[in-house]
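Chain lettering (A, B, C, D, E, F, G and H) follows the sequence in which the chains are written, and residue indices restart at 1 in each chain.
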């Protein structure tokens, strides 16, 4: 609540157009529902331009169902759930309409958005076959928010000609998500070819000195290409969400 | 070079409008000047929308001067140099017009841009006084590329009311750069308040278990707020450059 | 044993009021029972103000039962067990009265304390739903020792207004336990709002660059708020125990 | 600002006892002075029970002087500065009355507090001679806030009888600060002897696999004694500040 | 083979007392049997004073059996196997006489030594109940080589009086093995009380910032007590073996 | 495509010997087949001298089968698959001729190469029995490409005479692969004995402070012997492939 | 000494052609000179094909001079010294003929080799200007041993077209040294373009999450390109030495 | 103080042979002098068989002098000081007789011991010239306590024949100290050759992935040779002290 909004409320109180109780409520009202184990923020769609998303990994299937129902009951048309186990997906699908992608463990409860909003194309590039679960998490997230997504898979830097053959798709993108494990060099190479933001997503793909994604993460943070920023290891959702944000500016 | 451009050149060759030599040159021409120790990319401004920038830390003052002169001689009006030592700055200023900010170690050789391009405001928020060198590196970079920058300094999360008092500036921003050392929580708090991209810059400010910025870096990568991405520790330039890119979409 | 106690014993010996054997015993008596695999300290309740607690994780269910029985036989009314597996809990409940909380893996054998001792309120604040097991371990520990506990759950910093709505509960607390995984920023924000001790508990909640709780741990150690101290990752018990200690000062 | 305070202000506005402008000011007034590079919080003494402290390490001597003058001009009688270099101390002492302890790099500008407030004794125990700078930072901080401090130095665990000879001082303490580098075992041993809170401060003293204090830090976090919590490496101030908080409960 | 042995062989060749073939064999003879996957050193008992030991963790039960049989067939009376799984133990016991200790996963195939050799007592001290598997690995190894072992268990530093009650056993030891997880402070405290070598064994017992034993390992390496050296995490065998070596000097 | 090849194509176009379409195709033709989840490079055998290899770990058995079939259909006689699970091997063997080595998890689909190409011998030396899976991955890879391989197993540095007995095999090698876990010293000792390249392969064999192979990896990187280079932990394939490359120079 | 050499010596002894003393000498003779602080290996040139090299960093200038003189006195024509400080170079040049390259800190005492031996070209590719010291260490080492070296500098992956323009040099190389700091992706991209061994040299160039070269090191170890192996951070010498070895196979 | 000593004192009190005050003194007497910043333990020579040693690194030259004087005044004939700076050594030598070794930074104040006690030889083996400072710290410490020391320097594993030439010295040792940086393999190779305890001392010698000695430390902890234990990085004193202890058993 900024100063002018506060001024406006206080003016109404001073003018008698609003009671003290109403003003207290307006200032302090809790724009979320308290389920005990979670506080559901029903105004977030308005405040932040995107509804709250459920991170499925740390929650029981019953907790997830309760949150979904609370959200659908408060007017949300659809709810995005990430890192959802197969078992929980099966459980949820008995109570609510559910789209579920087993590869990326992402789900949409309620209506699945189809309309593509205005904005440019988002390219999701992935270095190897093993990076696809994270890449799809990013791609499906971006599509959930109504973006047009172009997928470029298996374009890792050890076969740089595969990537260069897609130069036109890359240069036409408004924002690019680059997903890679192992040495994590894809965002640097892409960053040097284009003039749009590149969101780098390290994955935990690899073995040995890969250390669960640290290798790729450090590579991306140290990228010598400008215009590259990084999200957490395996955080396809984060990249998809941010790409949507940038695409709609 | 994408397919249609290649097609076009080949068609000219087939039509006799272009010699084989000319075509070879067009396809293979090196859009950079080779100084031996560096290859200056003079077409980067066209290809990527922003001229090449000189990272001053790993270069001698003589190398830096040569690169600047090469760039100014090829039509650049101004050149940005980051992490420039006081000593090198003094040396350069004897040969080229130089703006130098001692706090952030950033310099502009040639004309300093004054005109503010179209686009929204970029907010640069910094947690503490000690984070200012990095914050200023980001702010001056964004200004170099013609953006309007709003500075919010000393708004760390341990005094969250200082930040909330600037809610209006935050919500009016098109992109926010959040700079913090120590626990690095500023981007998470800001990310929860706004609906624009937040670029998080960890700094090496702190001591003990701070480990030269790792603490802040990990905090930012693990941010529970959506819409946050991260650049390297102390990489104010990277954030300023990317903010410019996003602001101009 | 301090100097005056020693003096007193020696004086009795010198006066013939105590035999050498009795003195030896008094000075050297072992205030614990030796079960072979463990030495149970039956005077700890007197010496440290709180009975010994059983850390369930590294022990077999039979070992745990033996320790409980030894303690109940020596006059303890109830025994706290932490990190107790479901299977061990089931086994124990066949032999002793047992309260068991499956979420936090905490149990109380014997009578469960009900009376609330004097002292102020202890607030247990948790950032996200996934932090609840650790938060409940802290809360139930504090309640075991007779403290009044106020729970504030799902008040993470990415939705700082949820936390600010509970400012009155926070400012009325005598000591606050702040539990958070991921970026672990909750203790810093709370520490800046109140003037009582804040005990920070990092949790292993998260993924990727979270590194099993290191991210949250480092954030809390580097907190820019004063009055914050930290216990081990996932150590809800430690925070609950220390909060009780402080509350009873 | 909690609900009742807000209610009170709004009631005054409704009753006409307060103008809209006055109410806005009361709700939104900035309880700090903006020096550009820093925002000085002049109400913190009231809100948090202790005035703001200046962390000297990341600031220029001129910045520090400006902050001190701003605070003294707003009614503070004395200001605590930590990690202050000899050079800055000399500079400051030309403009303001300054107590400076070269060992711990701590300073007090203005009047140095002498009166000892109510409350129990705070024991500061240090393992070795090399830990004294950090121990003194803790002790002087606690004394600055009016506490009675007992120093037990060179009582490391490799000579456990030195520590046991001071059992009476330890058991009489209301809160103990245990400072140690190297293996950092002091807090565990003390924690097992007493029933008051033990604040553990790892120091960066040592070499080799000490890794700048990590060894001691991890030891303290993993303490098998209950009632121990930890602050950052070398953070004597933080421990002294928190000890004062606990002592005054 | 040292110079005098070589001289002796060469002299025999020069004198015609030894053929070239015999000399070659004597110099080059392979004092081990090659099983393909392993080379069994049958002279090690002579050369190093102790027979080869089988590290069970990285081998199949069939490989282990073959090695045991090869050793028993070459005159060994008994063979020590460490880190042996329950399943492999059951398999082996069908073919060879086997003593197996489930707690420490240590086994003896063939005759189990009973006679106690000359030498002083070896004390094995363990901090907590959870450290017993490693402590028993050390104790049983030392006993396998004919040493008298005194066990002091559950004597962690958080109850330092439990340890001090055994001061006489400690001071009578010729070498002490100190086993501890968590903060790993036991060797430091013991090292300060005695004047014999202390072999420190960190264990992976603990959780959170324990990091699989790193915390205890670093503590022990940084011990401020003299006369302490360290073996690998959980390496009870290594400590038992070295203690035997020292005890027999 | 280098300059002369490009010149040649362009000359043909200029001479009318090649249409624009043909030239475009020649320059841009995609030398791989796109299976959606993977792009199979069918020209790699020509371009790099060795066919593409399938890294089995991150792929489903169905994906692997599709890639094998695509490669065999394009003229490959045999395909190498690494890190293949038993289950996938069983599945594949129902559809294609398959050699599978359970120890090293390496497989060859199609014809298994038998002919030994020209070139010297490759020695694969392994420190311990537990390193054999990685050593065999290296050896079988080198044999797959037609090299003669000499295996020296169980020649770890703690029994340096076992290694020295094989000095002649070592000095006759053209390239040596040295595989070791734990302290990883084998490559250093070998590197000091020979004058051919030594490829060091750290394995994750060991426990405690081994940290999944980091100990051996660091040892090998810090080798004081010249002529040693290192591949990733457990990367037997990488060493075998590179040894083949060097052997055929 | 292998079996046949030993046989030969023993046969001579048996035949009376060699005395026992001579044989002892031949077998045991120390092929190095003992300077007390160092043992100079004068036969290494014969045994390993390359003379010993002096690692200058950990030695005093006087120690270095003594070693050089010992080597030159034993018939070496030239001696390579790495990581030599300016000051030591100046000192040495007063006593022996010295070539010194200040950038790479590499020196040659005695005659500097000029003749180029047979063998293919070695390409040294460096990502950025700041990597030149390490790249030159590699290049000058390879030249010292008589190889023809092609330098490709400033060809980092963020400007991949700069690298591709040198495809012909790359494909004509017999072995390639790829030097890079920051994200260290250069070896992966090169490895995918060529079919010769690629020796990757990580440099400590960069800042922040670069961690003194760890980022580049991990990238290179995790390279998805085959045929890549890695040497220690900043170890240009090691790569140059190994490249020479491979080139001469 | 063990039970029998306590009994004895108490019996004297009961018999009237000792006053209460005398007994108190005997039990509680502080066997150290308190200098404020340090507590000097004057009975340690009796209790632990070796006088206290001064760790010079963390103390001022004045503190060191005071401790030395206190010790010499209480009957010590000589005092060992480690890690003593040149400057402090010069200062001390003006007040007390001082032997100072600049290489190892070790000093002896007072009389320097010359008599060699009974016991076997201690071998100090060092891998490279750069390891000599640490090796000499170990050797001089052992000599200070009256041991006979044999030095074997520059016997690193990359030239294993240099080490094998000293097999007789190694096999005749009663305890061996093996000092090495870089890959730290020396203790493993030595451990496999001898049947006496090997004390491994990692040094911080090296660069790049050496990480200040971590590489050597991990190698030594993971040694596959039995009978090896490890002290802290660069802790030559610790190894020398422990070797003395073992040698005198």
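Criterion: a contact is a pair of C-beta atoms (placed from the backbone, for glycine too) under 8 Å apart; a residue touches a chain by one contact, two chains touch by 3 or more.
Note that the structure is a prediction, hence the values are computed from the model and not measured.
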{"item": "Distance in touch steps, counted as few as possible, from chain B out to chain H", "value": "2"}
{"item": "Any chain in contact with chain E as well as chain H", "value": "C, D, F, G"}
{"item": "Angle of the C-alpha superposing rotation, chain B to chain G, to the nearest 5 degrees", "value": "90"}
{"item": "Distance between the centres, which are taken as Cα means, of chain F and chain E, whole angstrom", "value": "38"}
{"item": "Whole-Å gap separating chain D and chain F, where each centre is the average of the chain's CA atoms", "value": "59"}
{"item": "Centroid spacing, where centroids are CA-atom means, of chain F and chain H in whole angstrom", "value": "49"}
{"item": "Multi-partner residues of chain C (each touching 2 or more other chains)", "value": "3, 28, 128, 159, 208-210, 214, 217, 221-222, 226, 232-233"}
{"item": "Touching chain combinations (by label order)", "value": "A-B, A-C, A-D, A-F, A-G, B-C, B-D, B-F, B-G, C-D, C-E, C-H, D-E, D-H, E-F, E-G, E-H, F-G, F-H, G-H"}
{"item": "Residue ranges of chain C in contact with chain A within the complex", "value": "128-130, 132, 153-155, 159, 161-162, 165, 205, 207-210"}
{"item": "Chain A residues within the chain D interface of the complex", "value": "3, 6-7, 10-11, 13-14, 16, 19-20, 23-24, 27-28"}
{"item": "Of all residues in chain F, those that touch chain A in their complex", "value": "28, 30-32, 36-39, 41, 55, 57-59, 63, 83, 202, 204, 212-214, 217, 232-235"}
{"item": "Chain D contact footprint on chain C (complex, rising order)", "value": "1-4, 47-50, 53, 167-168, 171, 174-175, 194-197, 199, 217, 221-222, 226-233, 238-239, 241-242, 245-247, 249"}
{"item": "Residues of chain E defined as touching chain D within the complex", "value": "127-128, 156-160, 164, 182-185, 188-189, 191-193, 206, 208-211, 214-216, 218-226"}
